[in-house]
Structure formats: structure tokens, C-alpha cells
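Taking it in order: structure first as C-alpha cells, then the write-up.
A, B, C and D are the chain letters, set down in written order, and residue numbers restart from 1 in every chain.
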Amino acid sequence: MRCWAVVTCRVIVIALLSVLTSCVSPAIDSAGYRDKVGHAAEKMTGIIGSAQLAAEQDLAGKAFGTYADQVISDAEQDAQSVVGQLDSVQPPDEASITLRNQADDVLQNAAGQLSDLRIAQRRGDKAGMRQSLKDLSDSLAKVQQLQDSA
Amino acid sequence: MTRKAATRKATSLMWANEGLLDRLLIGIDGEDVGMVDNLEFSDATPASGAASGAAEPELTALLCGPLAFGPRLGGRIGTWWTAIGRRLRPDGDPAPNRIPIQLVRRISHRGVELAVPATELPNRRVFDWARSRVVDKIPGSGA
Amino acid sequence: MKATDLIGCAVYAADGEELGHVHDLRLESDGKPEDGDWRCRLTGLVCGSSAIGHRLGYGTGDMAGPWPLTSLLARWRRRSLTVPWRDVDELQPGRITLRTSRRQLEQMQR
Amino acid sequence: MKKFLQLGLGVVTAVGGFVDIGNLVTSGITGARFGASLTWAIIIGTIGMTVYAEMAGRVSAVGGRTVFHAVRERLGVRTALVNMIASGLLNLLTLAAELGGVALVLQLVTGVNYLIWVPIVAAVMWLAIWRLPFTWLENLFGVLGLALIVFVVALFKLPTDWHGLWQQTWHPRVPNGEGHPTYFFYAVSLFGACLVPYQVVFFSSGGREEKWSPGSVTEMRMNSLIGFPLGGLLSIAIMFAAVPVLQPRGVDVAHLGQVALPVTQALGVTGLAIALLGFFAATFAAGAECALSTGYLISQYFGWPWGKMHRPAAAPQFHLVCLAAVIAATGFILTTIDPVTVTLVSVVLGAAAVPLTYFPVLIVANDRDYMGDRVNRRLSNTLGTLFLVVMLVTSLATLPLLFITKAGL
């Protein structure tokens, strides 16, 4: 029975470690890389969607400032981590490098716009927020294109 | 004892695992005292030769507390547990807490009910330690 | 002598056949604790393959279910063997030797 | 009249007590990602929870036994020790998640980082455990937790496609672009969020705290048979509310704040405030219950005096364990590990650990010696056994799913 306890503990520790370490894994081939780009774009779509929702609610007076701020800041951080995660993957071939440059452009752009949105929101700059929202929906279209192409 | 057999007045049967071991010990004041961690029997040498059946050991006490729990667990964890239990003893006496069988008042479905209040039993060392070292020092403990 | 000195011991018949490990103790008492002067004797060692049935409470058959367990554990229970204490010949740490053979024990239980 | 009020309060408390950080997070995630196609997992989980809570409550009221007394008695000293350690660690993980949840809610309201709130929340939670009478602790936050009904209201204000939800609920399909392992991983997480083991430990020990007697069985049944299903309904409402708002935008819920977006969309600032109050009450109450459960299960295993019916000085080990649990969980969440990840891992491991506490309850509920004529009837036994089988399968599937899906990433 003691043996069981040890095994159970180990399994739990391994499970937790695997959860923690599963964030970065190397891409194997070109198809795998495309998958990663597609996945990053998909994530970015949702992140932008979340920030847009919060910002629209804030503009409509539906949410209080700290709440919208938090949701937008979370989105901003998530976006940066998506960019960072994709950057950490080594592109396996020339085609992948082209894809990377293209994706990086789009994703970095979106992340930057999320920062703009957060800055405008915190300053209570409604015009700035509207502008950022407009930029974001353009970005969103590009991200979705990327997702479809990848 | 808790089984139907117990309702018969005559000889009643019981199994250690089912009726005694790991049962809750309850003082007459209704307080939880501990668990029955082990049983103590009178030393009866196995019946030799013709005198068969003469020397059935008698249940003398219920044992509880870390020093009874450790051996019950067995293995390395058990040894370790016993060592901790010994540390808690001021005199380092390795004998576990005994609750003589005469103190058993009733064995019910709730557990083994004793004829004395929990405070009069010897196995309150962990209780006293937790109380005097930590709980009593926090305001509002109701001490 | 403590319960842990017995539970877990390997039990050998007089002819050296291993009968399994002790997993429970059979106790007999006259009357009940509330009658006063309660005495409880150790009359037998339950050995065999597994203690789980008894442990869970399916030893004496006062369980209402659930269905698969009741029959399964009752059958398991029947496979264990109770050795009367008076048949114990020698007690060594971790090892109990009997003065009888498995056949004699099984005949007695019937 | 007073009796009636008391019954109502009990039910309300059970509703509020059912929903915790696990339900909030898993319902939010799955609603946004899988629509209503995982509703079945909540339904099954809720039925299981209800059946076993009723059993544990009955064992507590009629047999006077709590879950971990039964565990030790029926499983034996060693198996029960492993069981206790596993359940205890799981409780710590859940407690950490709840603490993080409360702190996150406070961050949403104040804008101050949650890590600053964690120690404050932990201190207040411990004070509540130390000082507040049991019924207060249970009822106050149970009633406040009912604020989550705002999700039901939001559902009616949002452009909810009821027909579509109905279709997805009863004809579930794995949505396009999602793998089966991920789908089932989240099914397990919803299942685990409904069946968290600490709730059964708490429900049965709480019965002793409130001095339930065989006469309380009706009251207990009302609590479990009405309260828990209503709690399950709340979980479903949180899931459904995410469908019209978050799913079309492809939002992947990764933060507690996002779970409230649908309510804000439908009801504005008032709705948001009520939802956050509900989040706060539900997670705070669950955190306190979780810490108490840790005290209950360890004290009951060793036979120490336990419970809030005693002064702390009369149950020192119990209070020491509760304090230690709060400190350990605080330390864990202060490592800046993401509370939402902790929540997911805790509910999934919880789903795996469920049989450990539920099996002994099923056994003892069948013992005529304890229960007299209140033993399980055929319905309880059939459902109970069926669920045990489901739970065993879930247990076996959990770890592989956790590995394959990398915790649903």
C-alpha cells in the first residue's frame, strides 16, 4: 500500500510538471510549423474578440473601468505570449521562414494595437479606444486570413 | 458486537477488523478520543499437548495514539510515525496509550463508547501540544 | 501480545502447507460490555486470500447491497479459513504453525 | 413558518454551495469553446453529486457517521491513509484555486493585482473559519452565491438560440476543429467540477455540525435533492450564457473576468456587479468549506475531536489543520501559478479521486446495522453503482487525457 502512495504521489507530480512544461515544444516539420501558426492565429482571434467585447462594453457604459481594464490587459498579455511562443519555435525550412515573417507581422501588429487599446482605456480616451477598436477589427480580418491560409 | 449476533445474550462473536479496529473511541462526555489503532491481548502461550483450548488469550486493552498507529501502518512510514510518537513523549516510553477493556461501556454503531470522559484518558498528548503551543496563543480560542 | 503481532503472519499447517496470511481475528465474548465485567477472548485466526469483504462489512451478511458486491464478497468470504486458537502450535514473529492439517480444519468448519 | 424558512434557507445554501471556482471556470471555458455540446457532463455530474450527497447526508443523520470515519473503518488503516493524503492534497489544490478566485474577483473590482489580495483573503477566510458560527458561514455566503442567478436572467436578455442549445444538449457532437481527447478532457473537467470530493465530506460533516438526527432526513433531502440540481442548473446557465456572446468571437476563456462578459453584455454594470458578487461569495464560501473539509477529513481519520461545534481550544488539532491548510494553499498560489490552470488541474484530478470518497459512502449507506430501515433503496443503489462505474472509468481516463491534451491547451 505504501508503494501505491509513492506511485500516486509521483504520478501527480509528473502530471503537474507536464502541465507546467508543456508550453513550449519544438516544431518537427513544415506541416507542424503551419499548424503552430494556425493555432497561434486562432488564439489571437479569440484574444482580440475578448478585448473588443470588453472595450465595446466599456464604451457603452456597461462595464466599470477596472473590469474592462483587466480584461483588456489580460488580452494584451495573452497576445504577447502568443507572439513569444511562436517566436520560440525554430522554423524548419525556407517556406516556414516566409510564413513566420508574415505571421509575425500580423500578430505583432495585433498585440501592439491591444496595447494601444489598453492605454486609451486607462486614460479614459474614448476617441482613442474607438480608433484602436477599428484598427483591431482590421487586424482581426488579417489574423483570420492567416488562420485560413496556414 | 455491533452485528445482529450481539443481540443474543449468550456467547457473541465478533471480528477484530469489523467490530473493533479503526473504530472511533468516544468518551462518556461524547467527545472523540481517538481511533482503536491496535488491540492488546494477555500473553497466552499456545496450548501445549493435551491441554488444548485451555489458553485462549484475553483482550486486555484497546491501544491508540501514534505509538499504536505506527506499528499498525507497518513499513518505513510506520517506523517513522512511531519515532514521532516517541518524541512527543516526555519520558520516551515506547508503550502506546492503553485503554483497559474495563473502561468499555458499550460498542454501538457510532463507535466504542467508554465509561470515562475524554479528559481523563492518557492519549491527549497531541491534543495538548496543539492546544498549548498554537491554539491557545491565538486570541479567541475560547480557552 | 498485540493484534499486529498476529495480523499479517503467514500460517502453516502441521504438514508445512501454507494456508495464507492472518487477516482478521475472531473474538468471542459472554454477554455485552453494558452488562459489566465484559470479557473477550481471542478464539480464532481468520486466514485466506483477502480481508476486503469483512473489512467492508460484508462478513455477516447484513448489507442491503449494492448487488454485485454482496454476492461477490460473500463468495470471497467463504473462501477464507478460520483457524481455532487451540490449534495453534507455535508462534514466531511473522509465522504461525498449527498442529492440524488443512483437511482437518476444513472438516471442522463444515 | 420558521420551519419553512429554514428549509428554504437550506436549499438556497445548497445551491450557492454547489457552485465554486471549478464550475465558474469550466462552464465558462466549455460554453465559449464547445457551445452546449458538453451539457451532458454537467447533467451526469450533478445527478451523481445529488445521489451521493443524499447518501452521505443520510449516513450522517441516521448513522451518526461522517465520511472519513467510514473511510477508515471500511477501507482499513493503510488504504484510508493513502485516501486521506490524496484527498487532503486535492483539497489544498482546490483551496488554492478558490483563494486565487476570490483574489481575482477583487482585482477585477479594484484594479489592484490579485497577488496582493491573496494573503488578505486568506487571513479573512481563516478568521471566518476561526470565529464565525458554522451556520453563518454556510448560510451567509450560500445566499450571496445565489447572485449567480444573474446568468439565468442574462440568458433571457441575450439573443439566445434556445433551439440550437436544446439540439446541442441532447444531440452532442464534437465541434469542428476540436479533437476528441480535448472534448473529453473538458467533459471530465465539468464532471469533476460538479463532483468535487470535498463537497461530500463537507456535507456529511456539516450535518454533524448542525446536529442532524434521523428526523432531519427530510430537511437534508430537500437540501440535496432540490439544492444541488438547482446548482447544476446555474452551472449550465453560465455555460449557455457564454454561447451567444463568446463563441461567435472565438474567445478562449483563460481568465475569470471573461466568464462575466456575457452578463455585462446583457445587463450592464448592475449585472456585472451582481455577477462579481456571486463569484466572490461562491469562491469564498467554497474556500472556507475546503479548508474546513481538510480539517474534517484528517481529524476524522485520526479520531480527533473536530468541528465548529467545539470551541477552538476543545478541538485544537482540527483548527491547527485548518490553519495549516490555509497557509499552505496561500503559499502555493503566491508562487504566481495561474489560478485558472490550478482550477482546471484540481477539478480534473478531483474527478479522478472521486471514487476514493464515494465508494465507502455507498458501502456504509447499505449497512443495516448503522442505517436500520434507512438503508439504500434499489434506486439509490442502482444509480450509486452506475455512477461508481462511470467514475472509475473517468478516473482511469483522466491522467492519459491530461497528458494527451496537455491540460486542454
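We take it that contacts are C-beta pairs under 8 Å (C-beta built on N, C-alpha and C of every residue); 3 or more make two chains touch, one makes a residue touch a chain.
All values derive from a computational prediction rather than experimental measurement.
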item	value
Identity of the chain that, by mean CA position, is farthest from chain B	A
Chain pair with more C-beta contacts, B-D versus C-D	B-D
Averaged-CA centre spacing for the pair chain D and chain C, given as whole angstrom	42
Cα-centroid distance, chain A relative to chain B, in whole angstrom	60
Approximate Å spacing (C-alpha centroids) for the pair chain B, chain D	35
Distance from chain C to chain A - Cα centre to Cα centre, in angstrom	64
Contacts with two or more other chains, residues of chain D listed in rising order	76, 78, 81, 369
Contacts with two or more other chains, residues of chain A listed in rising order	2, 5
Overlap residues in chain B, where contacts from two or more other chains coincide	3-4, 17, 21, 72, 74
Interface residues, chain D side, partner chain A - complex	32, 78-79, 81-82, 85-86, 89, 107-111, 245-246, 249-252, 254-255, 257-258, 260-261, 264-265, 268-269, 272-273, 276, 341, 345, 349, 399, 402-403, 406-407, 409
Complex contacts: residues of chain D adjacent to chain C	74-76, 362-364, 366-369, 371, 375-376, 378, 381-382, 384-385
Chain D contact footprint on chain C (complex, rising order)	51, 55-57, 62-69
Chain B residues within the chain C interface of the complex	1, 3-6, 9-21, 38-47, 52-54, 56-59, 63, 71-72, 74, 101-102, 104-107
Chain B contact footprint on chain D (complex, rising order)	63-65, 69, 72-73, 76-78, 80-81, 130-131, 299, 301-306, 311-314, 316-317, 319-320, 323, 369-370
